[in-house]
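Both of the next two complexes hold subunit A, though its partner changes from subunit B to subunit C.
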Partner chain A sequence: MPEDIIDLIRESVIQGRVTKDDEGLDEDMVGQPGMSELIEEALISGVDAQDIINQGLTAAMKIVGKRFEAEEYYIPDMLASAEAVGVAMEILEPELTRSGVKPKGKIIIATVKGDLHDIGKNIVSILLRGAGYIVKDLGNDIETKDIVKAVKKEKPEFLGLSALLTSTMVNMEDTIKALTESGLRDKVKIVIGGAPVSEEYAESIGADGYGADGFQAVAVVEALNSGTTGNK
Partner chain B sequence: MPREGILVNNPVERLSSEQVRQIHKASMEILKDPGLLCFNKRAAEIFQSNGAGVASISGSDIPCWHVKIPEKLVADALDSAPKTVKLGARNPDNALVMKGNEARVYYITGSETNTWLDVDFSTYANKSDPTKEIKVPEFLPRRGTVADLCDSAHVCEHLETVDGYIRTVNIQDKDITEDNKDVNKFFACLNNTTKHVMSGLTSLKQLDNVVKMAELIAGSQDKLKENPIISFITCLVKSPLQFVDDTTETFMEICQRGLPVVVSSAPQAGTTAPMKEAGIIAQINAEVLAGITLGQLVNKGTPVLYGSVPVRARMDTLGDSYSAVETSQYNIDCVQMARFYKIPNYSTSGVCDTKIPGQQSSIERLFSDIVVTLSGPQYLHCAFGLLDGNSVFCLLQAVLDDTHFQRVKFFLKSPLINEQELTEIKKQIKDVVATPQKMFINYIRQVMRTGEISPPYPFESDDDSDNVFSLAYERLQELLAKPVEHIDPDTTARIFQDIPGLLPRLNVYQEGR
Partner chain C sequence: MLAVSSQINIDRQQILSHIGYGDEYEPSARITSLVNDYIENYHDLIAPSYSYTFRDIEWIKGNRISIGDSIILRSKVIARLLERCEIIAVFALTIGNHLEDMVTHLAENSLVLQATVLDAIGSGAAEKLASHIEDKIKRIANAGELMTSRRFSPGYCDWEVSQQKMVFDALNGDAAGIHLTESLLMMPRKSVSGIIGIGLPNKDIENYNPCPTCKKKECPGRR
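Our next item is the complex of A and B:
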């Protein structure tokens, strides 16, 4: 029954389980189908992708959000749920494309050249996927020219740049300059983050937004996506 | 089941085994020569009839005897003194079971202070920018009352890390006299906490009333023996090496009744004891052993605690410096000596020199609380809320102290490392390394809910400001608003009927409602 499987998908988000091997929050969940298995099964059963998103994923994330506000859930729980949603969206993407459903937006994300620190960038990736964006994660220590090349090829609406070091944060500015020189700057909104950077720094190098943490990064992207101006 | 306390797996020791033996030998020699001055006739007679060398000192205005205690007498006392002491509680789950050879630490409040510190908050504006305001705590000292003692016991009932309660404030109400202080003091404590209650006695005449009250609460004389909800602390030996008349009498009476009692000595290095570590430890050890010996001679097998409150003198005033690093060294040495004798130890930490809560008080108390806890005393009088030596008590400070004891307790949890754990962890590492993001976040989730992760500091501000005091004050108000389990109405009625001198306003079912 479609309702049953959507219930299970919703529960899988709440439990933050990607595959059947994941523990989730409650006991004895290992072995029960996780998000990957449930979405595949739902599609085979002919459940509408839009119903999966609206009644399953989005509804579940609202519950997770409420639990977070009530301090029943913590950031790792939010991340686990977001990761489960992200995985669901990846599996659903071809189906959505076939149905003519436009995704919320595409984001390229990278830790800039010279910087190997990627915890923050990875967290932002998970949260953005969980929020329904298609995220292409280039990884860390990414050459400026490779970021420019990816923007040119993928045509994303957003570019996320991350750095942890004061010595590498300058490469964010170089990247923005390189995008400008390539004529791509106006085609992509750029959001930066990382311990040494700030809203003022983002403004000074010509970025469109700054996320102090993963949640703020998503909020800024959502704001830019809805036509408002990032941190403003 | 008794309270769990904290089991210190590898207690810190300052003294080598050889040094412990050397201190023991020196103490034995001190007990023989010079021995102790004894201002209590009955105690002198007891020592004499048991083979100690006792000689009356002539020419003294106050009757006094010279007591030289042979090693055999001490050895017999150490043999008969219980190696496990139970301190009961109104709620049996709050009982404390202390084994002299086990480094299980219980955190206890106290001591009795004359001054109670109220807290108020004033708002100050920046002179150059009046829109910028800060709230600053102001501490207002006043004389302590029985109502304060009730509030203190009430809050300590709810402070998670407080294992037992020693009265924190001297009750100085106008209607409190020497004749009714003890019964009101004990009742105020017992009626507001279900944890163990320990106190000193103001008047020996009140001992039977206090014991009768405890028997009514425990259910009977025998039940009080099984579950001693009260115990006593006596400083029968004044340093250096003097049995004081009245407290020695009180001590012997308590021992006769078989209730637990702390044999406490509080020498000050530099004035009433030698300045050097070897000296003060040899002396305090001799003083405590003399008290334990007397207690066992009075009532063989009566439960006693090895009570050590050594302190170094301040060099500027010659007052007590509880915050001196040496004070913690002395305390740790005494913990080791008590463990050598397998007698449960009453030790001291957390007493600070400063007069108000703040950075100095935090640093002073936290230092000694950590290091003395690590040495593994069984009954650690760690001075929740105490300031200015033993003079001032502040409930706000007690709430702050509870948070740092939570951290110390967490730190001392035994490490969970075994083959099963390592097998699971190796699988976890292998699984995570194979994922694109290589993060262990998913594995945090269940661990967070099992209490295996230490909580953040509870009084952290959301912004950059330091609001520790105001947040702790909010917590204090919450604790005061939480109900406590008072003594039941029937028992309360019996107590007020049978025990003279109780203030009617302490009866929560009648005037004190």
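Our next item is the complex of A and C:
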């Protein structure tokens, strides 16, 4: 039954299991089908890819988000879940393209020039992938001109900028200025994040949003995507 | 100088706390098996090396401390400590590039959970190596009937990260293979640099701690 397999897919996200060889949140789960096996099985049985995403993956990530907020899940638990979603999306992508389903949007993400920290950025990347966005991760210590070049070439709807240091967060402002000078600022929504920045800082440099953690970053992107928020 | 990687024994609890677990919450079976796996195998990924030197404190004026060769450290907190010291030890250490390359590789392949756990193991190993070097310097000081302070790194308290350059200058070009980027961050990333004050036993420097009177109550480095 399709509902049964969607239940199992949801549970696989909650358990943070990618393959049958993985342990889960609970013990003794090795051997039971994980995300990749379940998605393959669902597609063979003719379950609609969009249903897998909406009722399986997105619904499960909402539960994970709530548990994270309630401090029942810690960062690694959340990452395990997001990773399971990422694997599912990879398998589903060709199927979605075939059936003409468009991704929610494209996001370029980068840690700004001078900053070598990328764990936070990586967490946001995987959560955004899990939420159905195409993410192009430029990496860390990225020159402002290269970010501008990527925005020009890839034409993303969103740009995510990350910095962990007070000495490098100023490069976020430089990036926004450079995008304005290149005439690209109005073509992309910019969301920033990282330990030294805040909502006030985002506003002061002319960003469109600020995410305090991975889930908030996704929520801000979702809200900007539906046109319900933004500080610009 | 190279250190033996098997001497750097990180503890599981420290890694769990690095990745966000408090004392009261036992990690899931999946996270436990991942952390255990990496703890068992990380020694092959680290190549610890370190360098340290001792310098005289020439003078202290306000927040400026001269340690010779036109090297001036600037920090009120460090100046208060060094007012009680005779000399300082300056050190730099790293666990090398290999673990970090593996973290990047994992992250690039969307294995962010694995990357995060391995990154925490790298931080834990660098911290353990720092404690190891701290003990070494302490033993040398104690042999000369001197005491040592806690270690301080640029970025702690009011000592700015940009002062990293002074620490590296003080090491006379021998910084354990670590180099500074344009924005004065250390490469490899899993590196620690800093100073330790050394002084007479009656100056009580081993207990010098600016934290209890500091207003930054949320500071992650609070001791």
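Basically, the second predicted complex is superposed on the first by the 189 of 232 C-alpha atoms of A that agree within 3 Å, B and C clash if a C-alpha of one lies under 4 Å from a C-alpha of the other, contacts with A are read in each partner's own complex, and residues count from 1 in each chain.
Heads up, the rule we're going with is that a residue touches a chain if its C-beta (ideal position, glycine included) is under 8 Å from a C-beta of that chain, and two chains touch if they have at least 3 such contacts.
Every value quoted in this text rests on a predicted model; they were computed, and no experiment measured them.
With everything superposed onto subunit A, say whether subunit B and subunit C fit together or clash.
They clash: once the shared chain is superposed, the two partners overlap in space.
Could you tell me if A:Arg185 is touching subunit B, subunit C, both of them or neither one (first, second, both, neither)?
neither
With both complexes overlaid on chain A, does A:Thr168 touch subunit B (first), subunit C (second), both or neither?
After superposition on chain A, A:Thr168 lies in contact with subunit C alone.
Go through the superposed model and pick first if A:Arg10 touches only subunit B, second if only subunit C, both, or neither.
neither
Which partner chains sit in contact with A:Ser125 here, subunit B, subunit C, both or neither? Use first/second/both/neither.
both
With the two structures laid over each other on chain A, which partner does A:Asp77 touch: subunit B (first), subunit C (second), both, or neither?
both
Under the stated touch criterion, name the partner, subunit B or subunit C, that contacts more residues in subunit A.
Result: the larger residue contact count on subunit A belongs to C.
For A:Met29, using the defined touch cut-off, is the partner it touches subunit B, subunit C, both, or neither? Pick first, second, both or neither.
Touch partner of A:Met29: subunit C, not subunit B.
Looking only at the overlay on chain A, choose which of 2-10, 434-442, 470-478 or 488-496 in subunit B hits subunit C.
So the stretch of subunit B colliding with subunit C after superposition is 434-442.
Do any residues of subunit A touch both subunit B and subunit C, and if so, which are they?
Residues common to the subunit A contacts of subunit C and of subunit B are 16, 22-23, 25, 74, 76-77, 79-80, 83, 119, 122-123, 125-126, 137, listed in rising order.
Inside the complex, what are the residues of subunit C that reach subunit A?
The contact residues of subunit C facing subunit A are 19-21, 25, 27-34, 104, 107-108, 110-113, 115-117, 119, 161-162, 181-185, 187, 189.
Quick check: in the complex, which residue numbers of subunit B touch subunit A?
Those in contact with subunit A are residues 431, 436-439, 441-446, 448-449.
Give the list of subunit A residues in touch with subunit B in this complex.
Residues 16, 21-23, 25, 74, 76-77, 79-80, 83, 119, 122-123, 125-126, 137 of subunit A touch subunit B in their complex.
What residues of subunit A sit close enough to touch subunit C in their complex?
Subunit A reaches subunit C through residues 15-17, 22-29, 74-77, 79-80, 82-83, 86-87, 90, 113-116, 118-119, 122-123, 125-126, 129, 137, 141, 165, 167-168.
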